[in-house]
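Would you mind keeping the following structure in view while I ask a few things?
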Amino acid sequence: MKPTGIFPPLTTPFAPDGSLALDRLRDNVAKYNRTGLAGYVLNGSTGESVLLSWAEVERVWAVAREAASPEKILIAGTGAESTAETIEQTNRAAKLGYRAALVRTPSYFKPQMTAEILAEHFLRVADAARIPILLYSVPVYTGVAMEAPLVARLAQHPNIIGIKESSGNVQRISEVIAAAPPGFQTVVGGAATLYPSLVMGAAGGILALACALPDLCVELYDAVQAGAHERARAVQQQLLAPASILASKYGVAGLKYALDRLGYYGGPPRRPLLPADESARREIDAVLATVAAAAAS
Amino acid sequence: MKPTGIFPPLTTPFAPDGSLALDRLRDNVAKYNRTGLAGYVLNGSTGESVLLSWAEVERVWAVAREAASPEKILIAGTGAESTAETIEQTNRAAKLGYRAALVRTPSYFKPQMTAEILAEHFLRVADAARIPILLYSVPVYTGVAMEAPLVARLAQHPNIIGIKESSGNVQRISEVIAAAPPGFQTVVGGAATLYPSLVMGAAGGILALACALPDLCVELYDAVQAGAHERARAVQQQLLAPASILASKYGVAGLKYALDRLGYYGGPPRRPLLPADESARREIDAVLATVAAAAAS
Amino acid sequence: MKPTGIFPPLTTPFAPDGSLALDRLRDNVAKYNRTGLAGYVLNGSTGESVLLSWAEVERVWAVAREAASPEKILIAGTGAESTAETIEQTNRAAKLGYRAALVRTPSYFKPQMTAEILAEHFLRVADAARIPILLYSVPVYTGVAMEAPLVARLAQHPNIIGIKESSGNVQRISEVIAAAPPGFQTVVGGAATLYPSLVMGAAGGILALACALPDLCVELYDAVQAGAHERARAVQQQLLAPASILASKYGVAGLKYALDRLGYYGGPPRRPLLPADESARREIDAVLATVAAAAAS
Amino acid sequence: MKPTGIFPPLTTPFAPDGSLALDRLRDNVAKYNRTGLAGYVLNGSTGESVLLSWAEVERVWAVAREAASPEKILIAGTGAESTAETIEQTNRAAKLGYRAALVRTPSYFKPQMTAEILAEHFLRVADAARIPILLYSVPVYTGVAMEAPLVARLAQHPNIIGIKESSGNVQRISEVIAAAPPGFQTVVGGAATLYPSLVMGAAGGILALACALPDLCVELYDAVQAGAHERARAVQQQLLAPASILASKYGVAGLKYALDRLGYYGGPPRRPLLPADESARREIDAVLATVAAAAAS
């Protein structure tokens, strides 16, 4: 199991009443199956994982499993605050056929999330998990960052195969890659730094933006593989504004609105998140128009 | 329902295997019943709420309900990331006889937690809840702070009766008190700023430190009520180090160790939290010895 | 030399062309001489010290020395990034008759400003200075905060007599007071937390807001001395909005505009600072109107 | 004047008594003249500019001017807090033959350093300066960051030719490059992100680390120009630890110690900075040994 290439952390479609819209998920996956995406992450941050019950998550996992083409690698977001709960959900995902688990740092008790406590947590999870573990460091949401020495230590565990590094900090991702053993897969978590991360040795990207613009993200990845650096830089420049506006500034709500505009089902986020408002929609429309114009030229 | 006076957010006792130790909770509550505490918060941050399943939380609520003296006011921590889940748990607590719900800000999607989104969340919860709501702002854990204008707006809702303000920022708590209508109860969330908050008009404190040192916390509150400012300042100075060491620096693990030393049941925290290590225990012992010496003199 | 009571860090008047307007300074001081202010700080942050040459500072010091009533205590801001330069300026102020020097933390090389480096700096300055030293911790401008153990260590030096603590953090100021020896003078640097700091044992305040509203600041100080806590709280509540709007939100430019409205000379700040714009002026006018209305009632 | 290639911001040599050691500066420059460095920055942050008087700075500028080979481009650090003072020093550097001025953001009054105030400052300086201006954004020291829209606006001025972007944030540097007009020179301010910044279109680097390891920095730059990406990545990986340890963690003191070890004159920093202590020296020695071993293999 090598998470190379581009993966979207899929959004979770909701009906207007807030309930799961699993048919819409099935339709989205069918469309993504026709792209060059390497696989899918189900129940990541972008999937509004913290707004779902675990019973709902299981239904999402099951439907995506059915809908995904066999060549697509399936990764399940299974991180919880509690170590025991994380293990339980990881093994549930394993049973449903998921190939790896993406486990974010616990984070509620931020001042206590020392390297020691994080190490113990991830090592316990890795020991007990029936599928390989990808670490997940996403300080924008958790307020907790994993530094290179901790990652290098955890990378020694045979069942910890990589990290999704979503700090947006290219120096840190470079340090992680330099510190970890060769087989370890460092995957970048944001499209705005995809190309710089790839040149430093990242194995790929798990990118919210890849839900909306899978082809451009894959094109950048392929360009780097082919040594086409001019093309890679040009695509990266094109991705800067969409990454910043759709995926960061307006969060899941912005991304879902963009999906609706691009032929996927986006739909509303779940409360307390609110749909993109008028001004957000205008800004997103403008960004999408620029991307479309660049594609046409 | 007026949350005046001192409330501890009770710790959740676990057995060494990590399971709930409800008898220990019963014993602790029996001891707290003999103090001047105004009531108890069950399933707050200090209760390791994020490490419990809701099924476990219900058992904790039920046991504490039975064990508490009738004059003690019971408050339930019911905040979740999702608005719907928060409402559901709030009404479950109501059914179990809890008098108010303490609802922390949703926080995972920090950049999206605008005043607008937080307002919508709390107003929906307040509309649907069968018991009064206390807002809960605790940026050290959530990375999200509620500012005075937002609190003042929410304080207009008849079912939002107060706020637990745990930012540690006395200017902000002063601004909240100044902006909110007279009946609104602003309760401070940290013992290190209890006296300065009370002189600015805080109605009381919900204090982790009150689990360990209930009598001193109550003494400070009573001194302020009696206008005994010299005494209040002296007690506040005594509480500075314990507040900083037990409750902040070493978190729940440090507090639980102190409880064990003070005749309550502390026990281990739940993983990923780890028990206080040797050096933490030494520092906590030293602080407790200072408190005991001051009491003896 | 005891910096008890209320001191304004005086603004530096400039003519419209940016040159020093020393007559205006003289006029302002003459007005302040008729208040209950304990003395004046010349060349503090609010005096735009970083925008003056040392030659200009000396002229400011000389004029204020002449203009001040003999009973007013004069304190000179003498901090520079370099230790040697700080010593030189401190002794220049001494020669001009200043009673104490306010020395801010060096701060440009923030990551290197360890407790060790700060201690060496202040001890050298205190050894060489011919007048007593007040430490000055103002993280909002410097990004460097002095914690209680460092202050307590420096307070042992016979020539370090106090600290202006401008972090706005009441817990920290309480810890500083608790850690320092009894004679050490801890003075709060912000009007928004004056009352809570005084009840915890602060000796007074060096307050930008006291340039604009000297009488109210002195009234609050006197009320605390007299044990009139209800009055103190009421005045503190009145000062919250002016402290936040005039002195923090709009900085020196806002304060200077307020001075112009209140019968002092404010005038323009020096570039790169720009005068308060239309919307700032409107907000400041509204705050001043509220203060005036409260005074009238 | 195009600041392409690699520039070191030269350290300022001091004698043990803290006075300028200009002969040592001459010797260092003579050595640097034999490298592939594109030029030198005199009186940047690494030159301890905030610890020098302007009279001293002029002597530094004059000596470096004499000592530098004619093909080396000379850039003077001329930023001060005051707009007028910045202009004055910039034109003094011009008179001494400097080709461009590096002007850092004013920063003492951080909350007031809005885009508007920074724009006015830089435009005034650019209007009045007799040499071209390089903007300088270095939030680690100033607490103020220039964002892409502000830079793009300033880049329209004919006398503002580029920016030294020292935030370490590759996304931001990419956004600056994408937003600025084609001729604008964006130069990265940290060796840890040199390669990722160059692939995104940076024109070069002004790197503290280039004082100690000029050849490796130039090699990386040349590799990217030649399209030798494997080599560039390998050199970048080699530079990660030195950049982090010498230039960031231990600041100027660490860099000066490394210079002493590498055949340049480092000497002591000026107080309040203190020489690297025993443990810093050991860590720096270890890093330099690793670099030497890599060079030998």
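Going in written order, the chains are labelled A, B, C and D, and every chain counts its residues from 1.
We take it that contacts are C-beta pairs under 8 Å (C-beta built on N, C-alpha and C of every residue); 3 or more make two chains touch, one makes a residue touch a chain.
If you're wondering where the values come from, they're calculated on a predicted model, not measured in any experiment.
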If you take the chains that touch chain A and keep only those that also touch chain B, what is left? none
More than half overlap in residue numbers between the two sides of the chain B-chain C interface, or less? Answer same or different. same
Compare the contact pairs of C-D with those of each option in A-B, B-C or A-D, and report the one where over half match by residue number. A-B
Using mean CA coordinates as chain centres, what's the gap between chain B and chain C in Å? 36
Computed distance of Cα centres, chain D from chain B, in Å: 50
Listing for chain A: what residues touch at least two other chains? none
List the residues on chain B that touch chain A in their complex, please. 18, 45, 50-53, 81-85, 106, 108-113, 116-118, 120-121, 124, 140-141, 143, 248-253, 270-274
Partner chain A, residues of chain D touching it in the complex: 168-171, 174-175, 177-178, 190, 192-193, 195-197, 199-201, 227, 229, 232-233, 236-237, 240, 244
